[in-house]
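When the chains are written out, they are named A, B and C in that same order, and each has its own residue count from 1.
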Amino acid sequence: MVENRRWLTVLTHAILLMGVLVLAFPIWVAFVASTHQLQTLLQPPMPLLPGGHFFENYYKALTEGARAVGAPVWLMMANSLVMALGITFGKIVISMLAAFAIVYFRFRFRIFFFWMIFITLMLPVEVRILPTYKVVSDLGMLDNYFGLTIPLIASATATFLFRQFFMTVPDELSEAARVDGAGPMRFFKDILFPMSRTNIAALFVILFIYGWNQYLWPLLITTDESMYTMLIGINRMLAVGDDQAEWHIIMATTMLAMLPPVAVVVLMQKLFVQGMTETEK
Amino acid sequence: MAGGPHPLLGSSVEKRVTFNNRVLPYLLVAPQIAVTLVFFIWPASQAVFQSVLIQDAFGLSTRFAWFDNFIYLFDNAEYLQSMKVTAVFSIAVALLALVSALFLAVQADRVIKGATTYKTLLIWPYAVAPAVAGVLFLFLFNPNVGLLVYALRAVGYGWNHALNGDQAMGLVIVAAAWRQISYNFLFFLAGLQAIPKSLIEAAAIDGAGSVRRFWTIVFPLLTPTSFFLLVMNIVYAFFETFGIIHQVTKGGPAGSTNILVYNVFRDGFLGLDLGGSAAQSVVLMVIVISLTVIQFRYIERRVNY
Amino acid sequence: MNFKQSAMCAAAAALVVGTASSAGAVTEIQWWHAHGGALGERVNEIADNFNRSQSDYKVSAIYKGSYPETMTAGVAAFRAGKAPHILQVYEVGTALMMGAKGAVVPIYQLMADAKVPFDPEAYLPAVKGYYSTTDGKMLSMPFASSTPVLWFNKDAFKKAGLDPNAPPKTWPEVGEAGKKLVAAGYTCGFSTAWITWIHLENFSAWHNVPFGTQENGFAGFNAEYTFNGPAQVKHIQQLADWQKDKVFVYGGRDNLGNAKFVSGECPMYTESSAGYASFKAGAKFEFGVSTLPYWPDVQGAPQNTIIGGNSLWVMAGHKPAEYKGVAEFMRFLSLPMVQAYWHAYTGYVPITTAAYDMMKSVKFYNDYPGRDIPILELGGKAPTANSKGLRFGYLPQARDAMYEELENIFTAKKTAKEGLDNAVKRGNELLRKFEKEQN
């Protein structure tokens, strides 16, 4: 701290508090909405303080509210978790291996492979969704965990991140490994992998959130209700057509759906930032 | 050095020391390449092929149509309008998210007590799915029962984003930036905390005021981070925000928030116009690839400082 | 909702169903539908009742999300050779499904092939007409069908000195009532849901003016839109003008404006008859329902309204034994008891005259005044070429173009004439594109 003026400190805290309030406001309102009855929410203005229907609404969201969707919340939670973790670990593993090959080996088509991975993955699944559906269907991956994860595990971001990190690993290490007679996989396992831990942690956060928040893809490829994810559940609750959307239940479900990714971000924030910004080891 | 070669931008020098193995590297890249080929290259090439076809939704009748789909697209005033909307939207989202995040990060860097608490409180909107963010903001700004609409009306400002295009645009920009502020904040704060305090103190002794110190010392050191974030934010605004548009405005009113990706989604997924949406996908691919190339050109020059 | 009445219908439906339970090989029939929430539960009950009524087939009702999501999922599944047996498609997707000759099995053919008794005359003409060819062959089975009506807030009417038992019948009367409501302190006279469906599509049918050429697209893919005629332009211009003194307030696309009615802001509201469930759940005032207003100076008005909602399409590519089951299920769906149950529980109309007669015979409409208004609107007169429905390709996109142009009109960026002309122009471009794809 350079200046130590008192008012400046107060001002700084005030600004930060404002920022926190503004950013948290939408979530606060969602929480408030999840504790009131539907009719209260439909008569403006809706209250700003929580109401007395917390247990009732969450109980309904966990049991009955979700029944109209066709799958209980715990199952949708589990599916979301499997999908998010599957995508996360899948992406990390295959990207790390690919980056290792691209950085530590010289082989034909190396640059070509790199660019192929990099350029092509920048288009989201939304814009090529029908042909991708066809492929997945032909491979018999509709309505199962493979279909939910494998088409999404190719990752340009992760490959690129690992490549950049490997580039900063001092050459002396691989040199030493070679002198010691350790093979490439030994080097990978004993040196590179342990050194990448913070990067892996950072990617874990990004990719977990990416996986958890998948929406259109699971929507299209699941017909079996036992394969529904949390976001499909919310979407199903919103798409009631001429019926009245049950906002209090939707908001309760939304709060539940936000818990796991928020927990991951908050608990892993330190590793996340370290992994994304540290280069010199 | 703070903000030195960034992991995502970093230097592109080659390793001097490499392993020799004829088969292993291919085995290592194989999974990634296989997934890419099967689930990306093949479907994307199908999309490219589709873009020169005229076909009904069920694929029962197909006709080769050369560039009819593209001609239709660029003859269409609404599509050109959508390009303009996309540019305005992406730049506005990126700027709003970057500036507010940088501002908050500078404040958080300044406090000694509670920096971690603030960080924890500020980062979690990042975990919220764009589609869910859309639902939250629609709930707040519903022209009919939204809480904030009610508050605005009470102070004499009529809000109706169902009819007012500028308000609709403002709303989706804020909703899209909201989630991204957290993400940017984390990176800016890390970048700021890595700047040696001695450097700043030295400048202070030289008599530089806090504003000047920021622009002459801090900001230049943050440029790589800022640039990386700018790219990430624009890509985010381009692609990931369609859930927000879908929930909040559906591209309206009168096309004023109809961004390109939403247009593809609407024509292809909702309207089942496969040729037309494939042509739009191809246009998007071209835009993305050009952006990527420009970005790399720029970085290559930047890194050599 | 009165549960006695519904329970009676449910009991009636249960009578049809035996107690037979399955033992041998059961043929599974997949039915993808778009009904979430409470309606989804009704759909599941109907499927369950069918499954209990016989032991050869099992219908699995699967909720696939919103209408466009369900339809896209069905199309994607068909292209991948995994189509469900029955796909529920919203009414605006009719042209697309009808054009897909190799992808669907028309209902009349399904029933004939399966030798299941089927009388197309049993269905309400306005419902059947929408899903039939010009020579009367039924292509898909109407399922959830509704039509626009005028909902009004009785408490607000009393406050403004209006008779809550005499809602306005014509648009000029709506204008008068609106002015009185605004004078009584309301910030809005009336608003609307689904403005393109109600104030352009249904408006045209209700006033017996063409929405497009070729019998509103029924007679050929070379149809063109004509909803920029004098009647439509006059009506839309009137809506725009009414905005100035708040007699009319635009509530947004689709049924976003429902909140304006439920919250009491707008005491009059045009919305589908299916809005009933939503108003019942949210409104804290007494509300009534009346027929859709019309312009008395347009000759032939009121004619009849057209339906919205969805129908069930049978997808091609399955085994004859499965189609037999699908046909049996279609027969089951048309039973008066099943229809009466569906009608009693939802704001949708019964699709057969027998079901309507049954509801009348149990004096359902005495207990629930106004619930027969949609049926009367649909069946008041024999449908004409202008009022049996719409069949235009890319209608979802055309509706978007209409929304955009209407929004231009309501923000005074264009006059009604300019806006509708441009919507017609954009709609026609889509029609030409669709026509190309069909050949």
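Assume a contact is a pair of C-beta atoms (placed from the backbone, for glycine too) under 8 Å apart; a residue touches a chain by one contact, two chains touch by 3 or more.
Nothing here was measured: the structure is a model prediction, and the numbers come from that model.
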Chain-level touch network, classified as line, ring, star, complete or other: complete
Two chains sharing the most C-beta contacts: A-B
Separation of mean Cα positions, chain B and chain A [Å, integer]: 16
Computed distance of Cα centres, chain C from chain A, in Å: 39
Touching two or more other chains - residue numbers and ranges from chain A: 42-44, 129-130, 134, 235
Contacts with two or more other chains, residues of chain C listed in rising order: 72, 75, 79, 258-259, 263
Shared interface positions of chain B, touching two or more other chains: 144-145, 269
Interface residues, chain A side, partner chain C - complex: 38-39, 42-44, 68-70, 129-130, 133-134, 137-138, 142, 219-220, 223, 225, 232, 235-237, 239-246
Contact footprint of chain B on chain A as seen in their complex: 1-3, 8-9, 12-13, 15-16, 19-20, 23-27, 29-30, 33, 41-46, 48, 93-95, 97-98, 100-107, 110, 113, 116-124, 126-132, 134-136, 139, 150-154, 159-161, 164-168, 171, 174-175, 178, 183-185, 187, 199, 209, 212-213, 215-216, 231, 234-235, 238, 247, 250-251, 254, 257-258, 261-262, 264-266, 269, 272-274, 276-280
Interfacial residue positions of chain C with respect to chain B in the complex: 68, 71-72, 75, 78-79, 96, 99-103, 250-254, 256-260, 263, 265, 394, 396-397, 400-401, 403-405, 407-408, 410-411, 413, 426, 429, 433, 436-439
List of chain B residues in touch with chain A within their complex: 4-13, 15-22, 24-26, 28-29, 31-33, 35-36, 38-44, 46-47, 50, 100, 103-104, 107-108, 110-112, 114, 118-133, 135-137, 139-140, 144-147, 150-151, 178, 181-182, 186-187, 189-191, 194, 200-201, 204, 210, 213, 225, 235, 239-240, 242-243, 261, 264-265, 268-269, 274, 277, 280-281, 284-285, 288-289, 292
Residues of chain B defined as touching chain C within the complex: 54-61, 63, 65, 72, 76, 78, 142-145, 160, 162-165, 250-255, 266-267, 269-273, 275-276
